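Both of the next two complexes hold chain A, though its partner changes from chain B to chain C.
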Partner chain A sequence: MFGLNKKDTSLLLIVAALVALAPIILNPFPEGSGMAQFNAGYPDLMQRFVIFGIFAIGFNILFGLTGYLSFGHAAFLGAGSYAGMWMMKLLSINVIPAIVFSVIIAGLISLAIGWISLRRSGIYFSILTLAFAQMAFALAASVLTPITGGETGLQTNLNDPRILPGFLGGGSSVDGNIPKPSLFGIEMTSSFEVPVAGWLWTFNWGYYICGIVMLIAFYIAIRIFRSPFGLMLKAVKSNQQRLNYTGLNTRPYMLACFVISGMYAGLAGGLMAAMDPQVGAERMQWTASGEVVLMTILGGVGTLIGPVLGAGLIKYFENIFSKINDNLLHQWFAFLPDGLEDLMVTIIHPFIGKGWHLTLGLMFMAIVIFLPGGLVEGGQRLRKMFGRKSEERAPKTTPAE
Partner chain B sequence: MGILEVKDVGKRFGGLQALGNVNLDVAENTVHAIIGPNGAGKSTLLNCLVGKLIPDTGSVMFDGQSVLGRTPYQINQMGISRVFQTPEIFGDLNVLENMMIPIFAKRDGAFRLHAIENMMDEKDIVEAAEKMLVDMNMADKRYMHAAAMSRGDKRRLEIGMCLAQEPRLLLLDEPTAGMARADTNNTIDLLKQIKDERDITIAIIEHDMHVVFSLAERITVLAQGTPLVEDTPDNIKGHPKVREAYLGEAA
Partner chain C sequence: MDAIILQILNGLDKGSAYALIALGLTLIFGTLGVVNFAHGALFMLGAFCTVTLSRILTLSHEVVDPTRKDFLGNPLKVDVPYIYDIFGETTGAAIIDWAVPLSILFAIPVMIGIGVLMERGLIKHFYKRPHADQILVTFGLAIVLQEIIKYYFGANQIPAPAPQAFVGSLDFGAIFGMEPGAIIYPYWRIVYFCFAMVLIGAVFAFLQFTTFGMVVRAGMADRETVGLLGINIDRRFTIMFGIAAAVAGLAGVMYTPINSPNYHMGMDFLVISFVVVVVGGMGSLPGAVLAGFVLGVLESFASMRQVIELLPGVNQVVIYLAAIVILLTRPRGLLGRRGVMED
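Presenting the complex of A and B:
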């Protein structure tokens, strides 16, 4: 189907089903129960899951296929956000021009940065991209204030010109002084809630728009992985020397890959602006670039689904683990004798709330050491452990990844 | 007039004159061996031919065109393929994919963005790769991870990848270095077969006299960066200057 082989088609369908049902799957605990805070099925977070999923898929096209580790992808994300924001200010509050333009701008910027950075490989390439991203961050925060809004950032405003006819944006409502982005009148923030028994499922328009975009992005990524172009990129990772002596100029391949990857980041940035119409320079900071590296490695470098899983895991930790506080811990350990309860809370305290980074760091270390292939390798091992019998019956096929 | 003409090529690394006035003429459709003791400049000469190094002086002409100033991939597109001392293959990919890459390169030139086409839909490419695997006697290994193969098989694959591009000149840099005797003999047989079946010129740099004398039709002996003699294998064997420079006093 869609020019994919059977295995990839089923992967795509599974991801599509997960995206469609996420508001239900991510809300396993009934509303009002003690565990309800572990529910991730609320629009804000689900949007972040898929947007960062797109970001990581794009990053993995570069890092996973060619092995070139870019430390500057946040610059493309930020550039996409700014570009999208300006489209919503100048053209229309409709998100489509914003998203399209964010991809184009990120593509142009990555073309310029890639043109220079790809003259070097290995650590020097990483440092060059990092330098460019930090430059972009510094520019956005200071010199380019008229365009980026400097440290205050950029927001949509009622007084923005918006030259395209108003009906494109529909009768979008206003939150304070900030018009809400919409798709032909459907606001990104609008959703309908379905209470089922104890559960509350929230189906949000913005999330589903992001989800559809992610599925398209995921589909294109699969096609790239299975294409002759993808084969050349894998060859770059495997043995650039041989490729040079095989009559291929690796530079245009690398540059095309870098630009595609940058456009994915721009797409993610544009969607971020479309979901929440405000953007600040911190989106370009190097920590954001580092985050996407972590997502990709956690999920599994060079695998199709890995980066999406990694993005989900990190965003879940960021939003859920960070909300656990000492009071909650005391509630959980209330069954213990007082002294022991305090001790447990003291021990766990550094790993929760603002300390979630510590938990993430430990988890990252554990995965890199014990599961170098990331979550995907973990899944494969589990399947091997439990599915040995079915594998014996199946004819031996070539591994795709 | 040979297919490859090297004239007065010199290369200096700091104080070391690696090559001084090398003249070499490789005739079309022959096997030409370049031998010499360690440090004679054999590898430097080869690197000058494939664009990895640019000689300080002299000229290198391939089929009437200068190769100097061209990058390795451009020289490859002119029709020169190179086999490395340690087999350089795409270890992360399977054997079939390894074989497809040079065929893509041959068809598409330096770049073609076919990012959303399906690799396996390229029937011509897959067929050509399969055919070359059969020619190389590796068809049963087509889905094998290339890195997992033996040294001899890797060498066989690498030679196959070079031949898949239908080069006019095949350069081999010590193709049997570090190989077991059986693998060496297999490689010799393979090269003999290639020589007999294809219109191809082979230039080979080699340490192993057994390999050289089984294959070469002409031999150039390099010593200290200059060619000592160039002659047929029979004449080289008995040449006193060669014995002295190459085989040493003991011989």
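Presenting the complex of A and C:
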């Protein structure tokens, strides 16, 4: 289907089903029960899952296929966000021009940065991209204030021009409020709630639009992975020198890959601006670039589904871990004797709430040390451990040296 | 003229910090071949050694002072640091005042310990892994170290003042016969610069003039051959890692009066230090030091008012711009050697 083989089609269908049913799947605990804080099925968080999923898929096209570790991808995300915001300020509140424009702008910027950075490889490439991203961040926070809003950031305002006609989402305001981003009249924040016997399922428009975009992005990523172009990129990863010696110029392939990856980041940025119309420069900081690296590594570098898993997991844990507090811990360990209960709470305390980054750092180190292939490799190992001999069908091939 | 001298002076103290961190980074890279993203965190840990020591020194107990009364007429309770009990009031006060320089003695063993522990516990397992993995695991370690510090010391800046003797500024211009007040430079920054020069000199002397340093240099050139000669090169490299950690830590210790330490100061310096290392040439120790000072001075020139009026925002990006230009025109960096990290 869609020019994919059977395995990829089923993967795509599974992801599509998961995206479609996420509001139900992510809400396994009834409303009002003690476990309800583990529910992730609310619009804001689900939007972040898919948006960061897109970001990570794009990053993985670069890092997973070619092995070039970019530490500056947040710059494209930020550029996309700013571009999207300006479209929503100038053209119309409709999200389509915003998203399209954010992809284009991010593509242009990544073309310029990639043109220079790709002259070097390895650690130098990482440092160059990092330098560019830090430059973009510093400029956005200071000199480019007329465009980026500086420290305060950029928001939609009541008196923005929005020159397109009303039915396309133009006009400054209908009811005296700041208009919310919408798709032909459907507001991104609008959703309908379905209470089912104690559960509350929220189906949000914005989430589904992000979800569809992510599915398209995922499909394109599969096609890239399976295409001759993708094979070329994998060849760059395994031995770029040999490729050069055979007379192939890898530069155009690398640049195309870098730009595609940057456009994915821009798409994520545009969606982020469309879902929540405010952008700040901190979105471009290098820690944000680090975050997407974490997501990709956590899920599994070079795999199709890995980055999406990683993005979802990190955003989920970020949300849940930072919500847990001491009172909750006391509730959980109430079954233990008092002294032991306090001890457990004291031990766990540094890792929750504001200490969430500590957990993230430890988790990340553990993954890099013990499971360099990420969760996907973990899953494969588990399957190998419990699975039958069927795994041994594919004999291990060693590359000829 | 005086403006130019002032900018050079201003650049030197920041440049010293860059040079020290970059020196440590290069030491680690040159010996172990590991790209250490946690080096900024070591700088930060050094700064927090100062904070810890000054907290230990000011540990105090309450004493009722019968000579003074509080506003209710009761005898006033005064916090007296234990150090006063041990050394008497004047010596005790002096020790507390000199907490920052004293932290050097405290930080050296602590930082060497941390460095050796880090190398043996973590980095050792990453020699054979690709550079990307090394970057990632040390990046994770940096996050962890930074969050631990945040947990114990809070997220706010903690001031650690310089000793009274070094508060105030030196009128530089007057010395060279210019108008008084033309070039004013804080004493502590002069101290920092001299300290950095001494430390850099010490590291180079150690590598150049001791047998240990000779073996390490040989190991940097050809690790396998040195191993074949029956020398346990790994142990020496571990010690070098400890020394590199101590250099970064000391840079942090002495930097505290210039910039009050907070938990993310390491990350702020790390990015720039990497740029410094790359500009200087991966694996070249003199290159790292030179690039540190050059970029420090360049940064301070770019923050001159006249320059900013001409090119707004250039002070924010000049270091990165310099790095980009250098990497594209001289891929090996200023003093880079052939064959180091050329892929």
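Following the convention adopted for this analysis, the second predicted complex is superposed on the first by the 378 of 401 C-alpha atoms of A that agree within 3 Å, B and C clash if a C-alpha of one lies under 4 Å from a C-alpha of the other, contacts with A are read in each partner's own complex, and residues count from 1 in each chain.
Methods note: a contact is a pair of C-beta atoms (placed from the backbone, for glycine too) under 8 Å apart; a residue touches a chain by one contact, two chains touch by 3 or more.
Quick caveat: nothing in here was measured; it's all calculated off a predicted structure.
Contacts of A:164 after superposition: neither chain B nor chain C is touched.
With both structures placed on the common chain, the touch criterion links A:238 to chain B but leaves chain C unconnected. Using the contact criterion defined above for the overlaid structures, shared-chain residue A:90 touches neither chain B nor chain C, since it reaches no partner.
In the overlay built on the shared chain, the residue A:228 is in contact with chain B alone; chain C does not reach it.
Once chain A of one complex is fitted onto chain A of the other, the partner contacts of A:128 are limited to chain C, with no touch recorded for chain B.
Of the two partner chains placed by the overlay, neither chain B nor chain C lies in contact with A:344. In the superposed model, A:142 makes contact with chain C only, not with chain B.
Residues of chain A touching chain C in their complex: 67, 69, 116, 119-124, 126-128, 130-132, 134-135, 138-139, 141-144, 286-287, 290, 293, 297, 350, 355, 357-358, 360-362, 364-365, 368-369, 372.
Those residues of chain B that touch chain A in the complex are listed here as 50, 71-73, 76-77, 81-82, 84, 88-94, 97, 100-102, 104-106, 109-122, 125, 143, 161, 165. Contact residues on chain C toward chain A in their complex (touch as defined above): 35, 122, 125, 129, 131-133, 135-137, 139-144, 146-148, 151, 267, 271, 274-275, 278, 282, 312-313, 316-317, 320-321, 323-324, 327-328, 331, 341, 343.
The touching residues of chain A, when paired with chain B in their complex, are 3, 5, 220, 223-224, 226-232, 234-235, 237-239, 241-249, 252-253, 256, 260, 398.
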